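Here the structure comes first, spelled out in structure tokens, and everything after it is commentary.
Going in written order, the chains are labelled A, B, C and D, and every chain counts its residues from 1.
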Amino acid sequence: MIFHESTIRVRYGDTDKMGYVYYGNYPLYYEVGRTDLMRDIGMSYRQLEESGFMLPVHNLEVNYHHPAFYDDLLTVKTYLKDLPTARICFHYEVYNEAGLLLNSGKTELVFVDARTMRPVRPPVFFLDLVRKYF
Amino acid sequence: MIFHESTIRVRYGDTDKMGYVYYGNYPLYYEVGRTDLMRDIGMSYRQLEESGFMLPVHNLEVNYHHPAFYDDLLTVKTYLKDLPTARICFHYEVYNEAGLLLNSGKTELVFVDARTMRPVRPPVFFLDLVRKYF
Amino acid sequence: MIFHESTIRVRYGDTDKMGYVYYGNYPLYYEVGRTDLMRDIGMSYRQLEESGFMLPVHNLEVNYHHPAFYDDLLTVKTYLKDLPTARICFHYEVYNEAGLLLNSGKTELVFVDARTMRPVRPPVFFLDLVRKYF
Amino acid sequence: MIFHESTIRVRYGDTDKMGYVYYGNYPLYYEVGRTDLMRDIGMSYRQLEESGFMLPVHNLEVNYHHPAFYDDLLTVKTYLKDLPTARICFHYEVYNEAGLLLNSGKTELVFVDARTMRPVRPPVFFLDLVRKYF
């Protein structure tokens, strides 16, 4: 398994009139989580794109337990639990500073060839990096 | 069942460098869908809040089938399939102008009392409006 | 002069904890205004890009007079007051339903060749469309 | 003068189909800049709000020189050049990792009493903190 922790400070613009972080902002926070995890293992998502691959999101799920508020310093825990196939699945947990689990979710992304936009196997250099952790 | 159709024009700022509508923007489009549905049956979400109720999102699910592009005129079909209890569940389908189903999803929202922020039954006047359609 | 009116319904996600539309969302509303104006005169921004031109924003100015609130139906009035040169300048006014001027602003955009990303004169077919109004 | 440097990693969702950071995202980056500056001198914007004050933005100006791209690590330099009166003015410069100035701008914010929403003088405890730097 690969695991990574990111921290995100909640911006004013992320909140809504309820005073909560708008529910539609967590996909952006999750993106930060999986992006940081990939950079951490040595293959940034930017490099992956520059190598001719893209990773559109196929599936998103979020379970909201508690709200986050303005200026909260959130911790996004991102997990890669399985070796990627044509798909790669990330799990996420968002905590506030008090250690309360605010929400949890997952995304499934698909490897596509940037020229043809067709699904492909993940690149070998990426799999090699990932395999070290399993 | 209650059903409503909304149209949304994709803004430039909604796209990402892939040229697609960013996956994290669909929760915002879904919000438009359920908001329009509620206004349509005679109880806007704004009025609901002014009556002392709030509807934080408890659960979100999106399945992405095809991308939307800049300037696309999307149709969001929103469905309320079951009578609300303490929770209300909306289903969504997003189509492009060619009639292609781009993504489908659902959200579960919880009625809370705006003063106590505790879960409550939906207000009677809201249930009365909804029941007409079932 | 060319003038266009767009209407925008304020989404929940557009508000912040102050209950106002977040100040950073108006550039997105202005984009809707100028995009609608261009589509209206017969040359959508999408077509312009497909013809090999891009219009990055060079300058933005917003003066905030009054806040907009959730669910407000806003009117964005967009003005093209001068014939475009290498630059094109749009002016904006945002009104609420009561006719109150909420904010006014302007953007200056630059025509660039999409291949070279260098500034160019606006395409002739675009200038021809615009000239009819002056 | 008070000066603060913040770093912001560009998210995928911040980009648009041009591959640039969408012009409407910089107000959000500027918010990070001024918020970090205030936290740094000992009075977070959150505390200011909890003390009964609000700071709606009155005026925004952005001059775009060069684009930022996905995954760029940006530096936002925020300057408070003058002692706040009923208004407080922040200046911003955004640089990429190569040290290129991408854009510069300013915002003017107004102190308001959160109960009455009327303009007020800045709170004494805030002015005392700021004065040390002038």
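As a working rule, contacts are C-beta pairs under 8 Å (C-beta built on N, C-alpha and C of every residue); 3 or more make two chains touch, one makes a residue touch a chain.
Bear in mind the structure is a predicted one, so any value in this text is a computation, not a measurement.
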| item | value |
| --- | --- |
| Chain labels contacting chain C and also chain D | A, B |
| Longest centre-to-centre distance from chain A, chain (CA-based) | C |
| Inter-chain centre distance, chain A versus chain C - centres from mean C-alpha coordinates, in Å | 33 |
| Interchain centroid distance [CA atoms averaged], chain A/chain B, Å | 24 |
| Where chain A and chain D are represented by their mean Cα positions, the distance between them in whole Å | 27 |
| Contacts with 2+ other chains: residues of chain A | 12-13, 18, 24-25, 27-28, 31, 70 |
| Of all residues in chain A, those that touch chain C in their complex | 12-13, 15-19, 22, 24-25, 69-70 |
| Touch list for chain A against partner chain D, complex | 9, 11-13, 27-28, 31-32, 35, 44-46, 70-71 |
| Sites on chain B touched by chain A in the complex | 18, 20, 23-25, 27-28, 31, 54, 56-64, 67, 105 |
